[in-house]
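Pasting the structures here.
Next, two complexes with subunit A in common: one pairs it with subunit B, the other with subunit C.
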Partner chain A sequence: MDLVDFVQSITDGLLFGATYALIGIGFTMIFGVMHKINLAYAATSIAGAYVSWAVGTLLPLPALVTFVVAAIGGGIVGYLVYLCCFKFIPVTSPLATLLGTVGMLILIDEIIVHETNGMPQPYPALFDDVYFEIGEFYGIRGDLLFIFFLSLIATAILLYILYRTKLGIATRAVAQQPVAAQLCGISIERTNASTFVITGLLGGLAGAMIGASVGVLSPLLTLPITIKGLIVTVIGGLGSIPGAIIAGLLVGAFENFFQALRGVTERDMYVMLLLFAFLTFRPGGIFSKTTSRD
Partner chain B sequence: MKLSKLLLTTAAAALAVTGVSVSAFSADREVKIAGFGAKSGVVRSFGVNTEAVMKAAVKHINDKGGIKLGDGTMGKLTASFDDDRCNAEEGISVLRRIASTDAVVAVGPTCSNVAEPLFGILQKKVDDASDSGLQMPIFTDTAIKGGLAKISQWAFRNVPNETVMYQTMFKWLMGKHPGIKTIYGGVEEDFAHSRFTWYKVMKVRSAEAGYDVKGESKWLLNDTNFTTQVREMKKAKPDAIAISAHPFTTCGVLKEMQRQRVKPKLLIGLTSSSSLETLNGCAKQAEGIIIPTSFAPVTDDARAAAAATAEMGGSADLHSAAAWEIVLILADVMEKQGIMAKPDTLQADRRKIRDGLASLKSTAGLLGKIKRTEEGEATKPYLYVHAKTGEWAVLHDPSQQ
Partner chain C sequence: MLEVNDIVTAYGKIEALKGVDLAVSQGQVTCLLGPNGAGKTTLMMTIAGILRPKRGSIRFNGQDIAGKPARMIVEQGIVLVPENRLVFRDMTVEENLMAGAFSRSDGKTVQSDLEAMYERFPHLQERSTQYAGTLSGGEQQMLAISRALMARPRLLLMDEPSLGLAPLIVEDIFRIIRELNDEGMTVFVVEQNARMALQVADHFYLIEQGKVVFDGTPGEMEEDEVIKRAYLGKKI
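Let's turn to the complex of A and B:
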């Protein structure tokens, strides 16, 4: 691998890693607020993208509007996931909610498969015909660059909501001290529901970005994105949004670099080694305080 | 008087009803064909199409009166279809369940990774008393990986021979485009069919035809990012690119090739990609891709089969259309072997069907005569198609040479 290949791999990985970051943020926010893992989150994201595709088949939409519809679709599906897997299932039973989300992941996947017969569906992209070439073998995809900046904007909006609005303050209060938050008059149920809607909006956008980056939507996307999202969440630190962003980019770059260096069949092995390294040496993730093992 | 008239009427009615029931029983003796394959996950469309084709073919036969059984009565075909999720364990479980019903023959599966272990649970050689494997004839329509039927004498396939198809196609392409000298491959590394076809068929046969194989890029079935692989293709600067992958990743790679402006003079695809899925996902980018296929609606029979399948809500393509031929072949074999379709003749009927299939030297097919090999495989007529303005169009018919 020469220097150009190295830089190219890292660039591609970082740009594509932005979508992992968005998925990781969703996982981590839900965990931060409810201290529960929502394994259906990536499926919610892809479902949001499918909602926008379905709307697009009925009514031709510009790509940007399609992405907005995907976000709204993700928000709606996110709320449904909350109702089915969290609201009516006792929170004292962590396994029940976890298995509920596994079931929801499979259910969403199968609904998509049955509605589309598993066929790949074309998905619009913005700037997919733009390719910035520097020399013969170095280039940056315009659509990935757009996705990267859109992800940054979405994250900035999310951080604004979390740190500058009443809803955000309530969300953080419930995440940090649920009992005290309740004593202050904050409705835990409403905060939980709004967290699912907000993360659903973000997830729908992430699903749309992933669909746009491939150019095709497929139910094949849900499982790998779920796995990548979980890895990003663990590496970033459960509950840490800045951690999820950095981890998303890191995993994207790491994955792409090792794909170029060692080939596609070994690529995921190195990503898993990275995960194990974090679990062993920094179990709290990138932004955790130094912790020691028992 | 009134009472005797009533009794007479009742007796006559009872006789008529009994008579009708008897004749109805005779006419409706059912011959069950159990289809199975993938109806879940990303390969669901394969199962949906095969089921539609099977039901259309069964209707086609039943509309003509059904099949003549060994005792001279007419039997009606029925077809069921079970989902094996393209999973080996589930496929084996489905087949064992089918074997416990009164189905006389099974048609399936979709995936080669199911077919291979599945054929392994069948009795390897007929009349081998030491082998307790299942004694159930299976006729495969889709699982295409080379040479699988030889695993068991109860296994038969009606799938195209990719080795022959690509061998002749590369030779033809070499003659037609003598300026194209180099080829580069793209392979879905974790899918049995794609992998086998690139390494054992496309790569070997293209080299035999005189192409300089410059290498291959690899990706996985679930991959979403193909920038590295397409860059490898770009660096190799091949005249032609052959993609051995299924529609989802084929489309992903073709779109990435468009972004990176990789424009080979010739684009070759995997047999399984000559389907609606590819055109649905990336018709624009797939424009011009050449694929050998054993089905295209170019004959009256093929057009009729495609129309009947469409009425059943499916699509006849390279894989599913084979199920039409299978049902027609089975109906013919059942008649010639004189199966009885009775509960007490079930195993004998299965054996008769197996023997009948094993004795076939050739059968009728939608594109012409299909030759049968001693190993239970088919040598089917084929065409070369290419994607043209969002449709598959016939590029060349090798039988016309």
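Let's turn to the complex of A and C:
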């Protein structure tokens, strides 16, 4: 592998890693607010993309609208996951909610397989005919650049909500100190629900970006994306949004580099090794900080 | 203003409150005394809607609020400054105050209340952009009090506001309680430091093992030999 391939694979990986960053943010935000892992989150994201695909088969949508529909679909599915797996299951049994989300992951997968007969479905790409040449050897794929900027915008909107609005104050208050949050008149249930909707919107968008850059949607996506999302969350540090962003880009670049170096079938092995390296040497993630809760 | 009748609150099978009766009159400072584990915090959390009572009623201006969610109780005008302050450590001082105003929708008056709070607590203004977790214990207590005030309570509940603080800061806190009361605020405060409480309280309750065992004015309290020995030390 020469320098050109090296730089090119890492650049492409970084850009695609923006989708992992969004998925990681979703996992980490739900964990931050509820102190529970939602294993159905990546499935929510792919389900959102499938919703937009399904709507697209009924009436043709411009590609950009497809993304919006995917986000809305993700928000709705996210809320349904909250209702089924979290709202009515007692908080005192953490294993119950965890298993609930595993069940939901499989259920969403089964519904997708059933509705599409297990066949991959074409998904519209945006700007896949655009290619920016940089110098003599390098270039940037238009579709990857687009999803990268879309992720940036989505993340900026999310951070704005979290740090500049009442909803954001409530969300962070519940995450840090649920009893005090209630004493401020903040409803834990509503905050939990809104967190699932917001992360669902984000996930649906990420699902659409994944579909668009791969060119198809397939039920085979849910499991790998679930695993990548969890890896990003662990590497970024559970509950850390900046961590999830950086870890998402890192994992994207890392896997694409090894894909270029060793081929697509070997790539995920190296990603797993990266996970173990982190668990061993930096178990708290990139921004390991022990958030004290009193 | 507040009437607590026969409240029973349990953790699992263990009843921490075994039928508590007491009342808080409007415009007064009422103080709840009691040894560790007596159920003071449990009572405060029950009134504030964090814990659900098994039995009994809590009337606030005539309405039964027992078992209502905390959000509705804040909206009714009862706000608790919790034991151990429970500030939002990873939020700035100003964000903590804004969180306190969550139940209000009038943006303009919230802003003017924020300024009023900074006037009352100049320390907080200096530290408005600092994370609450970096404040000293006394500053965190001031923040917890002002966060509660941001909700514009009609009844302020305070659970051991002087706990673990230096004597000078304790003086400060009691001065603030008196100021608030002079401005018309009704206060119901849990306090182990009976001597300090005597300076501000209009009425005392003593709770032991989940039941109210004494109820009276400061004068009556000072005359009660048992209380005098247990809570005020020998000389008074």
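Odds and ends about this structure:
Note that the second predicted complex is superposed on the first by the 281 of 294 C-alpha atoms of A that agree within 3 Å, B and C clash if a C-alpha of one lies under 4 Å from a C-alpha of the other, contacts with A are read in each partner's own complex, and residues count from 1 in each chain.
One rule holds for everything that comes next: a residue touches a chain if its C-beta (ideal position, glycine included) is under 8 Å from a C-beta of that chain, and two chains touch if they have at least 3 such contacts.
Being a predicted model, the structure only gives us computed values, none of them experimental.
Annotation: superposed three-chain arrangement on subunit A; subunit B versus subunit C shows no clash, the two fitting side by side.
After the superposition on chain A, the angle subunit B-subunit A-subunit C between C-alpha centres rounds to 140°, nearest 10. Of the two partner chains placed by superposition, A:280 touches none, neither subunit B nor subunit C. Of the two partners subunit B and subunit C, more residues of subunit A are touched by B. In the superposed model, A:16 makes contact with subunit B only, not with subunit C. Contact with neither subunit B nor subunit C is seen for A:92 once the two complexes are overlaid on the shared chain. In the overlay built on the shared chain, the residue A:184 is in contact with subunit C alone; subunit B does not reach it.
By the touch criterion defined above, A:172 reaches subunit C but does not reach subunit B.
Minimum C-alpha separation, subunit B to subunit C, in the superposed model: 38 Å.
The touching residues of subunit A, when paired with subunit B in their complex, are 5, 8-9, 12, 16, 110, 113-114, 117-122, 128-129, 131, 137, 139, 141, 143, 210, 213-216, 218-221, 223-224, 256, 259-260, 263-265. On the side of subunit B, the complex with subunit A involves touching residues 40-45, 48, 189-190, 218-225, 227-229, 231, 234-235, 247-248, 251-252, 255, 258-261, 276-277, 280-282. Of all residues in subunit C, only 48-50, 69-71, 74-75, 79-80, 82, 84, 86-91, 95, 98-100, 102-103, 133, 147-148, 151 touch subunit A in the complex they form.
Looking at the complex, you find that subunit A touches subunit C at residues 166, 169-170, 172-173, 176-177, 179-187, 291-292, 294.
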